[in-house]
C-alpha cells in the first residue's frame, strides 16, 4: 500500500537544512551544537514516526520534481529503506555526541560538522531513494561530502588518502552512472520496484554489462575485494569520520546499493535465471576470508578494524547474493548489527588514541585497567563479530548459515566458520593484550575531578552502542525491533510480482 | 568564360583567396598577415559580385540609359556591407598591431613567440 | 618557403575549387540568383521603394536591418579602438618610417614603462575635460613626416571641393551610384588629408569634442529612430509607408545623412586615435 | 573584347596580390595593395556594380590604405626575412 | 496568431545596440555611470526577452517581418525554441555587469569605461540578434558584431600580451567569418535567397551536389572555429585567460556558443532540405567532440594559472556539446542543448569567482593562491560548486547534461562514447581537485592571500547567485527542457544517423 507522505523527503532535508545553518551560524559553538542536535532528534523522530506504518506494510512515497520526463527525484520509504534510515539516523545522534567530545578544541569544526550533517542527509536520501537516478544523485553527493572529512587533517598524508578515496569512488560512481543509464535504456524506467525492472528481453550480454557496471559502481563503496583499496588508506580521517565512513554512511550505502541492485533492479527470478549472483557470492566469500586474513597482520588498530569492515561488508553482499529469504534477512540485519558493533569499536579506538595517544595493537598492553568501560564495550563488540550467541552477530551468522543451506551453498558454511575463527583470531589478541598483559609503562592518570576514564561525551555513545549490540542479540523476535523491519523488507523482496511490499 | 570546364572568373577568385590565405598563415609579419586577410576578403567579395553579374547586364539603377538585363542588386548590397565590416576589422587589427609594437618593439610573430 | 602553409592552402583550395566549379554559370540570366528574390526587386523595386538605385533600395529598405547592424559594426570598431589601453610609450625610434635594420627591443629587456608622454589618468568625472585639454595641447604637426607647403596648400584648396563631392554623392545616392557609406569614406578621407597636412589639432577641431559622443553614434540612433517611426506609421519595424513617396524619401534621406556623418566621424576618430 | 579585358584584369589582380605577398618593404606592399584594390574596383565597375566599385575605391583603396600607412609610420617599414 | 510581445522581437536586438551607441554620450560627465547605464539597458532587454519567451511558450515559434516585407524579400526574424537562449543570455549579462563595476577598478582607468560597456552591450546585442535572425546574411553581420566586440574585449585588460592574444583571435576569427560569408554566398548563388526557411526549401529542389556540400563544410569549419573545437581551438586559451574576468565569463560562457547555435541553424537548413547524407559528418562530430573533451582536460592539467585552466575546460565542455549533437539521438541533442545554457552558467560562476580571487589577492596561479578559502570563504565555496558542476557531478547543473548525453549515447548504441563521456569527465576532475585542495587544504604562502578580504557585495552577490543557481538547476534539471525539448523533437525526425 503506497501513501503519499512528505516525511520521506523531510528526513534528508532536515539534516540538509542543518548543514546550511551550521555553515551559516556555526562559528558559535552553542548554535552549532543546538542545530546539530535538534536536527538529529527531529530526524530520528521523523523516521520513527513512519515505523508503525512500515511494519504494517505501508510504503510512504513522495515525488519531488521531474528531472527527465517520467523520471523524477522521488522518495519512497519502503521497509528496507526504513531499516537503513533508522540505523543511520540513530547512529548520527551518537556519533554527534561523540564527535563533540572528540573534536573539542580542534580547528575547522564548522566545516566538520557541516559536512557531517550533509553526509547523513545524503545517506538517508539514499535510503529513501525511489529510483536509481535519485539513488545515484545522493550516492555521488555523499562521495563529495565525505571528501572534506577525509582530508580534514590537511596533512599531505590526508590529502593523498583523499585523492585515493576520490579516485576509487568517483570511478565507481562513473560505472554506476553508466549502469543506471543502460538500465533506463533497457527497461524504460528506473524505479526501484518489486520484483525488479529488467527483463530477459534486453539480452543477456546487455544485462551482464549492466550488472557488472552497477556492482562495480556500488561495490566500490561496499569495498568488495579488488575494489577495497581506498578504505584502509582513508583511516587517516578523524575517528568520528572513520566511524561514520565505516559504520554508517559510505560503506553501508555501497552495500545497500548492491542489495537494491540485486533485489529491486534485477529481481530474484531474473538473477536466478541468469546466474550472475553466484560469481558475486564467490567474490564476497573470498573477500570475507581474505580481508580477515589481512586483518590478522595489521598492527595499526584502525587499519585492523578497516580490514575487518571489508570482511564484514561482504557478509551483506553475500547474504544478498545467495537469493534466499533467510540469507536476505541476514543481509538486511547485518547492516544494523555490523554498524552498531563496528561503531562501538571505532569509538573505543578513538577514545584510546584521544586519551593515551596509542594507535597500535602492540601498544595497548593492560589498557583495560585504565579504561575498563571502553574495553568492556570493545569486548561485547568483538564477541558479536565472532558470533557468540546473545549478541547481534550471532543472529546474522545463524540466518546466513540457514540461508546458505537453503540455497544449497554448503561451502558458505565453511566460509562462515573460517571467518568466525579469523575474527576471533584478530580480535581476541587485542582483548588478551588489554586485559592480561601488564602495562609496559604506567598509563596517564585520570584528570582530576573526573569520575570516568574519559569525557562523558565520549563514553556515553560507546556504552549505549555496546548495549544496543547486546539488545539486538537478545530481542530478535520483539516486534518493532530491527528484526521485524528486516522481515517485512525481505517479504517484499520475495513477494510474487504484482503484490509488492 | 570557361577553361577546362572551369569557370575562369571563379577560379581566379579562389586563387586570390589562396594567395591571401598563404600570406595569412605563412608570413611572420603581422601587417603582412593583415594584408593577406584583406586580400582574402576582397576575393570573397569578388566572388559575390561575380555571381551577381549577368551577361551584358547593366547596373541595377533604373534610370534612363540602362536597360534589362540588370545585375542582381542583392549581391551588391551584401558586398557593400562586407566592405564596411572588413574595414572595421582592419581598423581594430591595426590598432592592436600598433599596441603590440609599442609594447614588444616588434611585429614579427617569430620574434613575439620567443618573448617570455 | 615553408612547406606546411602551402599544404594548408592546397587543402583549402581543392574544396573551394570543387565548390565553385559546380555552381550554376554566373552570367546566365536564368540562374537562381536572378530569378528568385532579385527578380522581384528588379521588377517592383522602384515602385515599392521610390528609389531608382536598387542597391540603395536594398540597403535602406528591403534589407535595411542589415545596414543597421552594419553601422553598428563600424561603431563597434570605434568602441574597440577607444577601449584599448592607451598611453604606453612607443619604443624609442627615429623618424618614421624606421630605417632599415633597426633592431627590435632586445629580448628580456624590461617592459616599456607605463604612462609615457600622456597626462596621468584623470580622476572620475573629469574625463571629458581631460580629453578636451589633451586635444588642445596637441602639437600643430603631429605627423612625423614633414609636409611640404605645396601639399598643405593643395590639400586646403581641394578639401572643400572633395567634401562637396561627397555631399553630392550623398544626396543623389538614390538615383546614382554612391550613397551614405561612400560619402562617409570621402568625408573621412578629407579629414585624414587635412589631419596629415595641417596637423591633427587643426583637423580635430572639425569635430568638436562635445559633439563626438553623439555624432559617432548617430548612425545607429538614426536607424533606431527611423525604425521606430516606421513602426508607428506602418506597424513594422523599419517599415516605409508604401504609398507615401515623400515619407519614403525623407526617411531614406535621414538614414543616408546619418550614415555619412556617423560613419565619417567614426573613421575620423579611428584615425585620430591611431595617430596619438 | 570583354573577355580580353577580364583576363587582363584578373591576371593583374593575381599579379598584384602575389607582389603584395612578396614585397619585403611594407610600404610598398601597402601601396601595391591599394593598386590591387583599385584594379578590383575596375573589375567590379565592369561587372555592373558601380556602387560596390565606388565603395571599394573609397573604403578599400582609400581608408584602409591610409590606416595601413599610419600603422607603418607608427611601427616599422621593413618585414624581417 | 501572435500576441503583443511578438512586436518586441526587433527591439530586443535594437535596444542593446542603441544603448551601446548612447553609452559614450550618457557617460560623458561621469564615466562610471556607463556601467549602470549598461546594466539598465540589459535589464530592459532581459524583460523583453522574457516577454518573447512567454509568447513562445504560449503560442509556439513566431516570426517578425522587418519592414513589413514578406519573409523572403526582406529580413525575417524568427523566434523558435533555440532562440529562447536569448533569455538566459540576457539574464547572465544582467548578473555579470554588476560584477564588473568594481572589478574594472584594477583593470582600466575610468575614462575607458564607456567604450568598454558599449562593447559589452554590442556583444550582447549581437548574440541576441544571432539567435533570433532568420536570414543567412544577417547571421553573418551579427557574427561580425559579436566577433569584433569580442576581439576588443580581450584586449582591453592589458597591453602587450592581451593585444597579441586578441590579434591571434582576430585573425582566426576573421577567417572563420569569411568562410561563413563564402558559404552564405554559395547558398545564395544556389538558391537565390538568403532567408533560411526559403533556402532550405529551395535546396530541396536544387538537390545535392558538391557545391552544397562545400557550403556545408565551410559553415561547419567556420562554426567549429567559433566554438573552439579541438583542432581549431588555438585562439581560445590565451584570449579567455587574459581578458578581464567578466569578459572571460561572457566569452567562455556565451560567445563560443555562437558556434553551437550557428551549427544548429545550419542543421535546420540542411536537415529540412534533406540534400546531404550527414551520417559521416555526425560521426566526425562525435569523434571531434570526444577528442576535444580529452585534449581540453589534458592541456588543463598542466596549467598553474587558474584562468587558463578554466579556459581549457571550455574546450572540454564544448566537446560535450558537440559530442551530444553528433550522436544525433533525442536525449543526446537535448543534453547538448541544455548544456549550452548550463555551461554558460557554470563558466560564469567559475570565471567570476576566479576574478574575485584575483582581484582581492593579486595572484592568479594555484601555487600562489594556496589557502585562499579561509580568507574568502564564500567566493571559494562558489568556486568549489562551480568546479564540481563543470565536471558533471551531482547535484549540480553540470550533471544534468552529462546524464542526458550519456543516455543519448546508449540510446544511439554508441556505448563506447557513453563510457568516454562519463570517465572523461572524471579525468577533468583531477585538475579541479588540485585547485580545491590548494584553496582549502593547503597553507597560504603569501601574506596577501592569507589576509585577503571578501569582495564587496556588488561582486560577491553575482558570484553567490550564480553558484546557487548551479545547485538549484542541478536538482530542478527539468526546467531548461521546457524550451529545448520541443525544438529538438521538431528537428529530430529529419536528423538521425
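The chains carry the letters A, B, C, D and E, assigned in the order they are written, with residues numbered from 1 in each.
The rule we apply is simple: a contact is a pair of C-beta atoms (placed from the backbone, for glycine too) under 8 Å apart; a residue touches a chain by one contact, two chains touch by 3 or more.
Because the structure is predicted, anything quoted here is derived from the model rather than measured.
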item	value
Partner chains shared by chain A and chain C (touch criterion as defined above)	E
Co-neighbours of chain E and chain B - touch as defined	C
Chain whose mean Cα position lies farthest from chain B	A
Pair joined by the larger number of C-beta contacts - B-C, B-D	B-C
Chain at the geometric heart of the assembly (C-alpha centres)	E
Centroid-based (C-alpha) most distant chain relative to chain C	A
Computed distance of Cα centres, chain D from chain B, in Å	10
Centroid spacing, where centroids are CA-atom means, of chain A and chain E in whole angstrom	43
Chain centre separation in whole Å, for chain D relative to chain C (CA means)	18
Gap in Å, rounded to a whole number, between the CA centres of chain E and chain C	29
Junction residues of chain B - those touching two or more other chains	9, 21-22, 34, 47, 50-54, 57, 59-61, 70, 74-76, 80-81, 83-85, 87-89, 91-92, 94, 96-99, 101-104, 106, 108, 111
Contacts with two or more other chains, residues of chain C listed in rising order	16, 20-21, 23, 26, 33-34, 37-38, 41, 53, 55, 63, 66, 70, 73, 76-77, 80-81, 84-85, 88, 90, 111, 177, 181, 267, 270, 274
Sites on chain A at which at least two other chains make contact	none
Touching chain combinations (by label order)	A-E, B-C, B-D, B-E, C-D, C-E
Residues of chain A touching chain E in the complex	65-69, 72-73, 133, 136-137, 140-141, 143-144, 148, 151, 154, 158-159, 162-163, 166, 170-171, 173-174, 177-178, 181-182, 184-185
Chain C partner contacts - residues on chain B that touch it in the complex	5-7, 9-11, 13-14, 17-18, 21-22, 25-26, 47, 50-55, 57, 59-63, 68-70, 72-77, 80-81, 83-85, 87-89, 91-92, 94-96, 98-99, 101-106, 108, 111, 114-116
Touching residues (chain side chain B, partner chain E) in the complex	21, 24, 30, 33-34, 37, 40-41, 44, 47-48, 51, 74-75, 78, 81-82, 85, 88-89, 92-93, 96-97, 99-100, 102-104, 112
Complex interface listing, chain C residues touching chain E	15-16, 18-24, 26, 31-38, 40-41, 61-66, 68-70, 72-73, 75-86, 88, 111, 114, 121-125, 127-128, 130-131, 212-214, 216-217, 219-221, 224, 227, 230, 234-240, 242
Residues of chain C that touch chain D when the two form their complex	53, 55-56, 90, 96-98, 100-102, 143-145, 169, 177-179, 181-182, 185-186, 188-189, 192, 267, 270-271, 274-275
